[in-house]
Amino acid sequence: MNPVNYLYLAALLFTIGAVGVLIRRNAIVVFMCVELMLNACNLAFVTFSRMHGNLDGQIVAFFTMVVAAAEVVVGLAIIVSVFRSRHSASVDDAGLMKL
Amino acid sequence: MDNLIALLIAAPLLGAAVLLCGGRRLDKIGHWLGTLLAASSFVIGLVLFADMLGRSADDRAMYQHLFSWIPVGGFQADIAFQLDQLSMTFVLLITGVGTLIHVYSIGYMEHDERRRRFFGYLNLFVAAMLLLVLADNYLLLYFGWEGVGLASYLLIGFWQHKPSAATAAKKAFLVNRVGDIGLSIAIMLMFTTFGTFAFGPVLESAGETSEGKLTAIGLMLLLAACGKSAQVPLQSWLGDAMEGPTPVSALIHAATMVTAGVYLIVRSADIFNAAPDAQLVVTVVGAVTLLFGAIVGCAKDDIKKALAGSTMSQIGYMILAAGLGPIGYAFAIMHLVTHGFFKAGLFLGAGSVMHGMNDEVDMRKYGGLRKYMPVTFVTFGLGYLAIIGFPGLSGFFSKDKIIEAAFAKGGTEGWILGAVTLLGAAITAYYMTRVMLMTFFGEKRWQPDAEGREPHPHESPKSMTIPMVLLAFGSVFAGGVFGIGDRFVTWLEPVTAFEHGHPPISAGAITSATVAVMVIGVGIAYLQYGRRPVPVVAPRGSLLTRAARRDLLQDDFNHAVFVTGGTHLTRSLVYVDHSLVDGVVNGTAAGVGGLSGRLRKLQNGYVRSYAVSMFGGTAVLIAATLLMRAV
Amino acid sequence: MSALAAYTTSTGEAFQFWVLGTVAVIGALCTILMKKAVHSALCLAGTMIVLAVFYLANGAYFLGIVQIVVYTGAIMMLFLFVVMLVGVTAADSLKETIKGQRWWAAACGLGFGVLLFAGIGNAALTEFAGLGAANAAHGGNVEGLAALIFTKYVFAFEITGALLITASVGAMLLTHRERTERARTQRELAEQRVREGKHLPPLPAPGVYARHNAVDVPGLLPDGTPSELTVISTLRQRGQVRDVSGEALADLKALEQRSSERLGRDRDEARDGEEASR
Amino acid sequence: MSFPLLTATAAVPAVGAILTAAVPAARRTAAKWLALIVSLVTLVLAGIVFARFEPGGDRYQLVESHSWIRDFGVRYELGVDGIGVALIALTALLIPFIVLAGWHDADPLETSSKRWRPTQGFFALILMVEAMVILSFEATDVFLFYILFEAMLIPMYFLIGGFGDRAHSGSDENAAAQRSYAAVKFLLYNLVGGLIMLAAVIGLYTVAGNFSLTEIAEARANGSLEMATSTERWLFLGFFFAFAVKAPLWPLHTWLPNAMGEATAPVAVLITAVVDKVGTFAMLRFCLGLFPEASKWATPAIIVLALISIVYGALVAVGQRDIKRLVAYASISHFGFIIMGIFAMTTQGQSGATLYMVNHGISTAALMLVAGFLITRRGSRLIADYGGVQKVAPVLAGTFLIGGLATLSLPGLAPFVSEFLVLVGTFARYPVAGIVATTGIVLAALYVLVLYQRTMTGPVKEEVRSMPDLRPRELAVVAPLIAVLLFLGVFPKPLTDVVDPAVRHTMSDVQRTDPQPEVPVQNVEAAK
C-alpha cells in the first residue's frame, strides 16, 4: 500500500466534516465537525512529514492541536453564553447580530 | 475742470446711497436732500457748460479717466468719462428737468409714507442716466443703460402693492432686457472687430471694416435703442409703465430715459454712416413707431397712456431723424431737448390734474377743469401748443426741421418718409387737441372714485406749479433759442457731422404744409370732441379704435406667442426634467434596487447558507487552480 | 522503523489502514448523522482514536500520544461537558429547514471531495523519504520535535502560549456573568413575591409516580393536563419535560375498562351506545 | 523652511471642526462662537495668502511638498495659482456668513433639551467642508486632490441629510423621506462621478508614473510624456465626468435641485457656492492642464452642453414653484456660463469663468441666505405662499432684490463683469454660442423678477402680515455680502490682476491664443 492513501483518507474525512458543518444545526455538532476537519488536516500534515522526511509537518500539526484547543475553549464558551440568552444551541436561530 | 465730471454723477449717487441706506431717520429731510443733490449736479453741469462755451468749438470735449474697470488680456474697460457737446446737452437736460421734477415730487408725493425712498430712486436714476451719457466706452454706457433700467423698474413698481404696477415694472425690465441683448452683442462684435469698445477708437476706425459687419453692429444697436426708447417692436412696455407715479413718467418715460436710444444712435453716428442698410432700417422703425404711437395715442382714454403714445410717436420722429444720417442727427437731438421740456411739462400737468381729481386718470371723467386749475391749464396748454408744432413755439422749430430732413432724404424714400412725418404731425395735433378738450373744456363729467369720494379739483401747491411754469417757459422758448440761426446745429456739429439737407420742394412749402396739417388735425378733433359732448363711457368705436385701445393688438400677440408659449415651454421642460432626465436616473436606481432585492434573498441570515457559498467558492478555487496547472 | 521510508508500507500497516480507516470513516459519518449530540461526540472520539493510531503508524509518536491525551481525553470531554449542560437527551431534528441547503451541501461536498482526490491523484507523490533519519537525528521523535519547537519555532510556540492564556481568559469572560447587584436575601425574595401577588406558596411539586422516578415529569392538573409550574425551568427550556399526561390518562382509561369488564358493565354501555346512535 | 501657510489655512478649520465637535452638549452657544471665530481666523489666513501671492511671480506659489506614499509617488504637494487664490478667498469669505446665517438652524426644537449635540455637529461639519475645499484648491497632486474631492462628500452628506430645511415644501408631509432621498441622491451622483475619476486617476498613474500635476503638465509640454490620442481622451472624459457631475452640467444636474431644496439655506449655499466650485475649478486646472489636446477635442460638445445648461436651467427655473429649487436651477444655468467660459479657451472666457465662480458664489449666497431668512419666517418654500412681503419687511425685500439683481447680472454688481467676460470670450471664438447664451440674460431677468414679484409685491398676504424685518444678525450676514458684490462690480481689478496671469498659463497649457480683432486699433493704449 502506498502511504498516499492516508492523504485520500484525510481528504475524505475533511469533506465529511465540511458537509457536516453545512447540514447540522446544532452548534456543538457543528463544532465537532470542525474538529473533524482539523484532525483530517493533521493527518495530512503527519503524512507529509513522513513524505518529506522532516518533522516540520508534525510541528504544524502540533500547533494546530494547540490552536484547536484554544478555539474549542472559546467556541464552547460562546455556545454556552448564546445558549443562556437564547435557550437554543441551533445556529439557525442566531440569525441576528443583536438580540 | 475735467475732474468735475465724476462729481456730476457722484452727487446724485451719494444721494441715492444715503437715502436708501439711511433708514427712517431721514424721512423728514430726505426729499430736500435728494433735491439738493440733484440741483447741485445741475449746478456743476452749468459750471462745466460755461467752461465749455469758453473754449473753441473743436476743443470742447473733456475727458476724465478714473480707473481701470475690467482689465483682462486685450479686453480693457475703463471707468472713464467723456463730456462733449452731445453729452453736455444731455447733462443739462437730465439735471435740469430732473431737478424740476424733484421739486415737483416734493409736493406730489407729500402724502406717501415712502417718499424718502422715492427720492432715493430718483437720485439713482439721475446718476445712472448721467453715467449713460458721460461714458466714454460702450461697456460703461451699458452700465448706465442697465442702471436706468433698474431705476425705471423700481419707480414704475413704486406702488408695489398694486399688482398691476409690479407687473408693469417687470414687463418694462424684461422688454428692455431683450433690447439689451442687442447692445451686448454689439459690444461683443465691436470687441472682435476692433479689439476695443471705447467710443474714440471704434468710431474713428469704423470705416476700416466691412459694411456687413457694421450693418450687424448697427442693427444690434438699433435693437437696444428699440428696447430703451419703446420703438416697434419693443414698444409694449411704455404704456404699462404709466403705472408709476406721474413725476416718474415725466422724467424717465418722457424726457430722459426713453430718449437714450436716440443718444445711442447719434453717438454711434460713424457706424451708421458707413452702414446705409442699417440706417434705412432705423428710419423705417422710426416711421412705423411714429404712426403706431400716434394712433395708439388717439384711442386712449387714460390721460397718461395717451401721453405715453405721444411720447412713443415723438421718439419715433427722433429715431427717424437719426436714421437720416448727418442731415438729421442734430435735429433729432434738438427735438429730443424740446420734447424733453414740453412732454415733461405735459406729464406734470397731467399729474397736477390727477392730484386734484383723486388720482383719476380717465379723461372721460374730467372736463371743464380750466377754471379750477388755471396754472395747470395754462402750462399744459403751452406744452400742447408746443407739441403740435404751433408756429413760434419750440416743437414747431424742431419738428419742422425733421420733416424737412425727411423729405431731403431724397428719392422715393424721401417722399414716403416726408409723407409719414406730415401725417404724424396731423395725428399729433388731433390726439393732443383731444386730450386738451376732454380735460379742460366741455362739461364736468366728474365721478366719485372707488371709495365714493367726490372729486374737488383744486390747483396744486407751489412746489408743483413752479416746475410746471418753468418747463412751460422751456416749451415756449427753447425751440426759438436753438433753432433760429442754427445755433444748436453749430453747437453739436463737432460731434455729429452736419450736412444741410436739400429737400426736393422748398422749405417754405414744407413749413406751410406742416402748419396746414396741424390745423386740419386740430379741426377734426374740435369737431369730434369740442362740438359734441364727450360720453362718460367710451363708445364701442370702430375696429381700428378698438385695436388701438389695445395697443394695436401688439400686447395680445406678445401674450399669445411669448407668454402663453413660454409658459407651456417651461411647464413641459419642468416635466421633462422631472420625468425624463431625472427619470433615467431614477429608473436606473429602481432597476438596481429590484436586482438587489432579488440578490438580498441570498443573504438570508443563516450561517450555514453562507458556509455553503464559502465551501462552494473554495471548490471553485481549487478547480481553477487545478485547471491552471493542467493548462 | 525502516519500513517508514519505503514506497509501500508493510502488509501489516496496510491491513491496519484498511480496517481502521473504514472505522474512521464510519465514525466520521456517524458524527454528522447521529441525532443526539452525545452520540456524535462518542463517534468523533472513536475517529480520533483511530487517527491517533495512524499518527503512530506514520512515525509521529509524540503526536499520537498527544492526540489521545489532549484531544480524545480533554477536548472531547469538554464537548461532552457542554453537551450535558445544554441537555444530553435533546435530539436534533434532522429535517432541513433551509430550502436547497442539503442539496447544495451534497453537491459542494461531492465536488470538493472529487477535486481533492483529483488533486492528490494528480500530484506526483511517490517519493516517501520516511522519518527514520529525522527521528534519529536528535535521538528520537520527541527530542526531534523539541529541538524544532525550541529553536526554529520558538516564537510561534511562545505566541501559542499567549493564545492559550487569552483563550482561557476569554472563555471565563464569556461564561462568567458579573453580578451587578447584591444578591437578594430570602426575605427580600419573599417580600417581592408578596408584592407581585403570585405564587405566594412554594411552587407545586412535580408529579412523582412510582414508575416515573424523576423531576422531569410534570404534575397533572385535575383535568389531566400537565402543569408547567411543577417542572424546573431549565428542563422546560431544554424541552426535556416528559409529558406523561397521555400515558396517565390511558392508564386510567385502561383501569376503568378493566374494572367495568370485571363488573360487567360493558354490555349496558353497548346498549346505551346503540340507543344514542339510533 | 518657511511657515506652511497653505497647510495652515486648511488646518485651522479642520482643527476648529474637531474642537467644535468636542464642545459639551450644554454649551451650544459656545460651539457656535467657536465656529465663527475659527472661520474668521481662516478668513484672515486666506487674506494673508491673497496678499502674499504675487500676480507676476511663478505659476504656483507658496509651494509645499512632502513625500506621502513613496511607493506610488504620491506627494502632499500644495501650491496656489491665481485661480486657486481667488477661490480660497471666496471660500474663506463665505463660511463666516454661512455659519452666522445658520446660527439657529441646528438648534434643538425644544430649547430645554440638554443632551442635544447636533448643533455642534452642524458647525463642525461646515468647518470640515471648508478645510477640505480649501485644501482641494491648493492640492497640486492629483491623488491628494482626488482624496479630498471624494472626502468632502461625507460631511456634505450629513449636512444635507441630517439638517434639513424645517420648512417643508408644503405639498408633502414626509419631509424626512425627501431629505434622505436628496442626500442619497447627492451622494450617489457624486460617488459615481468620483469612481470614474478614480479609474482615470489610476490610468493617469500607469501612463505618467506619478501624480504630480506640475510634473505631468511639464512633461506633456516638453514632449517627454507621450500619450496616445485615445488614451488621453478616455482619461480626459474620466476626469471631466466627475467634474461635470459636481459642477453640475446638464444632464447630470438633477441632484442639485433636490439637495438645495431639502438642505437648509446655509447648507444650500455651501453646496452651490463653495463645493460645486471645486468641479469647475478642477476642469480648469486638471482637465486643461493634464489633457490639453483632449480638451480641445471635446470643446464643441462641451460648449453645446453648457449652452443647454444655460437655457434649459433658466427655463426650468421659471417654471419652479419652490423658491430654493428655483435658485438651484438658476445656479445650473450659471454653471453653464462658467463651463462655457472655461472651454471657450480665450483669456476673457477663462478669466470671466474664474470671476464667475467667485461672483456666483457671493451672489447666490446673498440671494439664498435672504431666501432662507424669508422661508424660516413663514415656514414654507412655496412661492405661492408669499405676497406683499415688501410692505411688511422692506429691508428683507430690498436685500432680496439686490441678491436677485446680482443673479441676473445687473451692471454695477459683480456677476455682470464675469458674465460679460464669458460672453465676450465665447463670442470671440464661437459667435453663435455667444449669441445663444445671451438669451440667458433675458431668462435670468424673467425668473428673478417673477420670483420677486410673486413673493414681495402685490397685496399683503394674511400669513405674512406679522413677518418681522431682518434682525441685526441677519443684516450682518447680508450687508457685507452686498457690499462685496458692489465693490467687485465696480472695481474687480484686485481679482482680475490675480486671475489674469493664471489664465494666461492655462491658455499656454492648451496652446491657444486669443483670436485677434479684425481691425486692431493701434491706439488702445493712447485712448486710455
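The chains carry the letters A, B, C and D, assigned in the order they are written, with residues numbered from 1 in each.
Basically, contacts are C-beta pairs under 8 Å (C-beta built on N, C-alpha and C of every residue); 3 or more make two chains touch, one makes a residue touch a chain.
Since this is a predicted model, take the numbers as computed values, not measurements.
Participant: In the touch network of chains, how many steps separate subunit C from subunit D on the shortest route?
Facilitator: Minimal hop count between subunit C and subunit D: 2.
Participant: Please tell me whether A-B or B-C has the greater number of C-beta pairs in contact.
Facilitator: Looking at A-B and B-C side by side, B-C shows more C-beta contacts.
Participant: Calculate how many whole Å lie between the centre of subunit A and the centre of subunit B, each centre taken as the average of the chain's C-alpha atoms.
Facilitator: Going by mean C-alpha positions, subunit A sits 93 Å from subunit B.
Participant: How many angstrom lie between the CA centroids of subunit B and subunit C, rounded to a whole number?
Facilitator: Roughly 99 Å separates the two chain centres.
Participant: Hey, how far is the Cα centre of subunit A from the one of subunit D, in Å?
Facilitator: About 59 Å separates the centre of subunit A from that of subunit D.
Participant: Just give me the whole-number Å value for how far the CA centre of subunit A lies from that of subunit C.
Facilitator: 15
Participant: Using the touch definition from the top, which residues of subunit C touch two or more other chains?
Facilitator: Counting only residues that touch two or more other chains, subunit C contributes 98, 101, 104-105, 108-109, 112, 116.
Participant: Could you list which residues of subunit B touch at least two other chains?
Facilitator: Within subunit B, the residues that touch at least two other chains are 606, 608, 612, 615.
Participant: For subunit A, jot down the residues that touch at least 2 other chains.
Facilitator: As it turns out, subunit A has residues touching two or more other chains at 18, 22-23, 25, 92.
Participant: State which pairs of chains touch, listing all of them.
Facilitator: Per the contact definition above, the touching pairs are A-B, A-C, B-C, B-D.
Participant: If we count contacts the way the header does, which residues on subunit C are in touch with subunit B in the complex?
Facilitator: Residue positions touching the partner: 98, 101, 104-105, 108-109, 111-112, 115-116, 118-119, 122.
Participant: Residue numbers of subunit A touching subunit B in their complex, please.
Facilitator: It is residues 18, 21-23, 25, 91-92, 94-96 of subunit A that touch subunit B.
Participant: Which bits of subunit D are touching subunit B when the two form their complex?
Facilitator: 188-189, 250-251, 253-254, 312, 315-316, 318-320, 346-348, 351-352, 388, 390-391, 398, 405, 410-412, 416-417, 420-421, 423-424, 427-428, 431, 434-435, 438-439, 441-442, 445-446, 449-450, 452-453, 456-460, 490-493, 496-497, 499-500, 503-504, 514-521, 523-524, 527-528
Participant: In the complex formed with subunit C, which residues of subunit B make contact?
Facilitator: Against subunit C, the touching part of subunit B is residues 604, 606, 608-609, 612, 615-616, 618-619, 622-623, 626, 629.
Participant: Would you tell me which residues of subunit C are touching subunit A in their complex?
Facilitator: Per the touch definition, subunit C meets subunit A at residues 4-5, 7-9, 13-14, 17-18, 21, 24-25, 28-29, 31-32, 37, 40-41, 44, 47-48, 51, 54-55, 58-60, 62-63, 66-67, 70-71, 74-75, 78-79, 82-83, 85-86, 92, 96-98, 101-102, 104-106, 108-109, 112-113, 116-117, 120, 125-131, 133-135, 141, 144-145, 148-149, 152-153, 156, 160, 163-164, 166-168, 170-172, 174-175, 237-238.
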